[in-house]
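Common to both upcoming complexes is subunit A, partnered first by subunit B, then by subunit C.
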Partner chain A sequence: MKSYFSLMVLGLFVPAAVALYQLAPRRARPLVLLAASYAFFWSISGKLLAFLLFSTLSVWATGLVLEELQRRRAAEMRDPDVDRRVVKRRFARYMRAAVAACVVANLGVLAALKYLAFFEAVAAPLLAPLGIEVPQGGLRLGVPIGISFYTLSAVSYVVDVYRKTSPADHNPVRLALFLAFFPQIMEGPIARYNETACSLWSGRPVTAENLFGGTARALWGLAKKLIVADRVNVFVKTVFDGSASVDGGVVALAAVLYTIQLYCDFSGTMDFAVGVGRIFGTRLPENFRQPFASRTASEFWQRWHVTLGAWFRDYVFYPVSLSKPIKRLTNGSRHLLGNRMGPLAASGVALACVWFGNGLWHGAGGQYLLFGAYYFVLIWLGGLMAPLAERLCPRLGIDHDGAAWHAWQRGRTLVVIFIGELIFRASSAPEALGLLGTLASGFSLASFADGTVFSMGMDAADFGVVACAVAVLAAVGRLRERGAHPVRRAWELPVPVRAAAMVALAFVIVIFGAYGGSYVPVDPMYAQF
Partner chain B sequence: MMRVARGARRVLGALAIAAAVIALLALSSRVVMPKNNQTEFGQINAAANGVMGEPADTIDVLFLGDSEAFSSFSPLQLWGEQGITSYVCATSAQRLYYTTSLLARALENQGPRVVVLETNCIFSPMSVGDAAMRALSDLFPVFEYHNRWKSLTVDDFVGPVRATWADDLKGFRLDHATQVKPADATTYMQETDDVQRLSRFNWLYLQEIKRMCDAAGARLVLVSTPSTVNWNMARHRGMAQAASELMVDYYDLNVGDTKVEIDWSSETYDAGDHLNLSGAQKVTSAVGKILRGSYDIADHRQDAAYDGWNDAYARYRQRLSQLGAATS
Partner chain C sequence: MDAILDILEDLKSGEDYRGRTDLVDARVLDSLTILALTSELEDTFDISIPAVEIVAANFNSLEAIWAMVQRLRDEDF
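Coming up: the complex of A and B.
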């Protein structure tokens, strides 16, 4: 069961989990869900389940410690004879130490399992001149499925308890289910405790409305994954794995197709997660909000992988921005650059932390750091240049709120996204730079003119299918942008019409899906991050 | 009363949806299925499926298995030496679920006396998901041939599904006939006490193959062809035990009385994984003697009804001559 979209998961695991959940008494349903989630985890990562258990127990215990410290602090503060500032400071120190120990332990496990080999490879040439030999190979234990996702959820829970935005959960099983819920364990969304824990624990019965609505959403995800993402994969692999010598035109096409692949793969998996979550009566947070309608790189990251962006905003950007050194830096730059540019310039430090973390979170590789640096520069410079653009537009006669300007912004942002994904897909930073070089210096449409482009794993019919699917997705996205909700409206149609629509969608997937034969099943792409 | 009526409506609705799904799958399967069993018509694994194009009830021995089988058993040599008609239904990396499908297809049109299963595929790991997908594809071929939407013609909607083509080599392959890549045979079939047992899932499929053979009146025979890469004593022991439990004959050509002496410096094309033509000729001769000696299979060489085999054999010898290979 390496993919949600395997016959085992879709045809056996999920139906069995739903049936057992529904048959169980209400109080036992969360336990059924937890057992199913651990079984799913075990089927992929086996004994590495121990690391998930460690995360669960560590954040549960830390939550209780924080709650106890908060209780004692409140008790001491009620004493009229104590200096309240001293008490506050002392308990703040204790609580910070508890949070830091837990966060370091959890991020330490993540770093040791996922990044050690990378850090060793980076450190070896740096330390070699000093005569220090760095052992290579990492821990060789393997990486548990979804560790990058559940670790962030675990950290967010501890910090939320510290901030008192979440209560400490006394029930370790509820916390375990919040972290391990199987539809989201592989690729997220990175849910917060307040969003899903209680809902998952409530053991709501499966209703016909949720069953069909959730199934329809999961089918929609399956269509994105099988019809588009897995079809495009063959072409993308051919170009990026270097098995064919290609010109800049093909590299540009591959960058566009890879972006489409990543979107359909990731958002398709999210549709599955949200759909199955709905069957169990839980609303998982959405991870995509029409990202390709963005007008700036910054906006793109508020619409793409929303829960990751929000996590970095709440647990990296704000804490760094509000830290004493950055506050001092902000005040200093305010004097130097003025009230508007000063804080913007100083926020670069917090932004750099976010994008370094974002790049590294995606993987242990130079290309991911380059990817983070790329967006850091674009977003930071974008913020700095925005006032200039605002002043320039009226002088050039450009309507800042006009459709033409918005279209230009969207087109420009699309190019930014495609280049970003080109870097992201490369196997190393030098290869990413090489591909960008080919794009810039060797751009040619010769492969399109002589038809070579159709011999790279996708023929004209495949391109036609992808074009049609993208048109449908774009149309749905456009309606959503205008505030319409086509799926919700379709759900108001009579039951036979809805059933017919679902059967038709399933049939389209059967016929136009890229599976079997020469197609190799592609594991969910974000599961590797 | 209202609740009962609503429940009945729901059940009827579910049945209607199920019926619509089945009808759609059956109809679309009919459309996308290749209209003949050739690659040009979209047939997957055409050589192995060529058995469907052989005249009914003319194949006495059916060979099944993975690439070890199509590299080792030459039906036309078997015909030339023993007058036995045979066909190799083998595909690369064949799993037992596909072996079962091919056997079922072959048995629709043929009544073989003996079914020889090459044993390498018996140890190939199988996933339940892949096996389920295979079963689904057998039931509704649209799952296997859905990609044919790209090349559909009017004939696909109105024409009959036929199988008129048979492979001239009867499933044997000459792709690497004269290539040589020597093998290191220093540890080949070294004595060990280890026993490699079949997985439970593979064992179930092997039992099903036996059941299918019994139902068709065919004898299932297990044969391990020589391979330094794929075969060893642990597998030999495991296979011997399985054959004993299944009560079928087992011949290991790697060891013991039935061992075929392969020159590993010249009779393999990929360092001991598969045999080249010279190795295959030795194996085919050995298997021919076993079939003739133990299974009393008729010699059809003088039977006018099998003239087509003599013609194919003549063409086969001509191809071997062109390859510069020994023809006897």
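Coming up: the complex of A and C.
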């Protein structure tokens, strides 16, 4: 069961889980969900389930410790004879130590399993001149499925209990279900405790509305994945696995197609997760908000992988920005550069932490660090240059709020996104730089003119199918951007019409899906991160 | 509350801040603007704003910002 979109999962696992859940008494339903989630995890990662259990138990215990410390602090603060500031400082120290120990333990497991081999490879040439031999290969235990996702959810729970924005959960089984819920374990969304834990635990019955609505959403995701992502995969693999033999025009096309593939694969999997979550009566957070309508790189990251961006904002950007050294830097730069530019300049440190973390989170490889550095530079400089653009536009006769300027911004941001995904898809940082070099110096449309482009895994019909699918997705996105909700509107239609639409969608997937023959099943792309 | 409005106008002019309850949710205030706002609030009201307070609920409206400022002032005494 390496993919949600396999016959085993769609045809057997999910229907069986839904049936068992519905047949079970309400109080036992969360246990059915947890058993299904652990079975799903076990089917992919086997004994590595122990690491998920470790994360669950460690954050559960830390939550209880924090709650006890908060209770004792409140009790001492009620004593009129104590110095409240001293008590606050003392307990803040204790609580920070508890949070730090738990966070370090969880991130340490993640680092040891996912990054040790990368760090060893980086350290080896650096330490070799000193005569230090660094062992290679990491722990060789394997990487549990979804560790990058559930670890962030686990850390957010502990920090939220520390911040008192979430209660400490006394029930380790509820916490276990929150972290392990099978539709989201593989690729997220990275949910917060307050968003899903209680809803999952409530054992709501499966209603016809949720069953059909959730199934339709999952089907929509399956369509994105099978019709677009898996079809485009053949071309993308051909180009990126042998980039030396292609010209810049093909590299540019591959970057665009890879962006489409990644979007359809990842957002399609999110549709599955949200859809199956809905069947079980739980609303999972959305991870995409029409990302290609963004006008800046910063806005793109508020619309693409929303829960990851929000996690880095809440648990890295703000804490680093508001730490004492950065606050001092902010105040100093404010006096030097003004109220707007000063904090922006100082925020560079926090942004650097965010983008180093974001790059590294995606994988142990130089190309991911380059990807993070790329967005750090673009977003930081974008923030610094924004006031300049605001002043320059009127002088140049450009309407800053006009449609033409917005269209230019969107087009420019699309190019930024395509280049970013090109770096992201490369197998190493040098290869990413090589591809960018080919794009810049070897740009040619010869492969389009002589038809070579149609011999790289996608023929004209494939390009036609992808173009139609992208047009449909763009139209739906445009309606959503205007505040309309076409799927919800469609859901208000009579039941026979809805049922017919679902059958029609299933037929479209069967007819146009890229499976069998020369196509190979592609595991969900974000599951590897 | 007028002092907060002045700060917001200074940081990001051209927005109607009065009566709105979605300043963060509608992305009128992005994370960098909130950072600058935080710094200004700390100076103006002589308070310290910890990271735990940087949540949408505290910045979605003028009233919410004012309530947070008042609460943090009280906590400091």
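One rule holds in what follows: the second predicted complex is superposed on the first by the 527 of 529 C-alpha atoms of A that agree within 3 Å, B and C clash if a C-alpha of one lies under 4 Å from a C-alpha of the other, contacts with A are read in each partner's own complex, and residues count from 1 in each chain.
Here is the rule we use: contacts are C-beta pairs under 8 Å (C-beta built on N, C-alpha and C of every residue); 3 or more make two chains touch, one makes a residue touch a chain.
Every value quoted in this text rests on a predicted model; they were computed, and no experiment measured them.
Taking subunit A as the common reference for superposition, should the pair subunit B and subunit C be classed as clashing or as fitting?
In the arrangement built by aligning on subunit A, the partners subunit C and subunit B fit side by side.
A:Leu322 in the overlay: touching subunit B, subunit C, both, or neither? Say first, second, both or neither.
A:Leu322: touches subunit C, not subunit B.
First (subunit B), second (subunit C), both or neither: which does A:Arg72 touch?
In the superposition, A:Arg72 touches no partner, neither subunit B nor subunit C.
Touch test for A:His170: subunit B only (first), subunit C only (second), both, or neither?
Neither subunit B nor subunit C is touched by A:His170.
Of the partners subunit B and subunit C, which touch A:Phe507 in the superposed model: first, second, both, neither?
The answer is first: A:Phe507 touches subunit B but not subunit C.
For A:Gln302, select first, second, both or neither according to whether it touches subunit B, subunit C, the two together, or no partner.
Touch status of A:Gln302: second partner only.
Output check: A:Pro343 vs subunit B and subunit C. Expected answer is one of first, second, both, neither. What do you get?
Once the two structures are laid over each other on A, A:Pro343 reaches subunit C alone.
Taking the superposition on A as described, I'd like to know which of subunit B and subunit C A:Ala461 touches: first, second, both or neither.
After superposing on A, A:Ala461 lies in contact with subunit B but is clear of subunit C.
What angle, rounded to a multiple of 10°, is defined by the Cα centres of subunit B, subunit A and subunit C, with the middle one as vertex?
It is 170 degrees after superposition, to the nearest 10.
Using only C-alpha atoms, work out how near subunit B sits to subunit C after the chain A superposition, in angstrom.
Least C-alpha distance: 41 Å.
Using the superposition on chain A as set up above, list the residues of subunit A that contact both subunit B and subunit C.
none
Give the list of subunit A residues in touch with subunit B in this complex.
Per the stated touch rule, the residues are 1, 6-8, 11-12, 208, 459, 461, 495-496, 499-500, 503, 506-507, 510-513, 516-517.
Can you list the residues on subunit B that touch subunit A in the complex?
Answer in residue numbers: 10, 13, 16-17, 20-21, 24-25, 28, 32, 44, 127-129, 132-133, 136-137, 142-144, 146-147, 149-150.
Of all residues in subunit A, which touch subunit C in the complex?
162-165, 298-299, 302, 313-314, 317-319, 321-322, 327, 330-331, 334, 339-340, 342-344, 347, 350, 383
Quick check on the complex: what are the subunit C residues that touch subunit A?
10-11, 27, 30-32, 35-36, 38-40, 42-43, 49-52, 54-55
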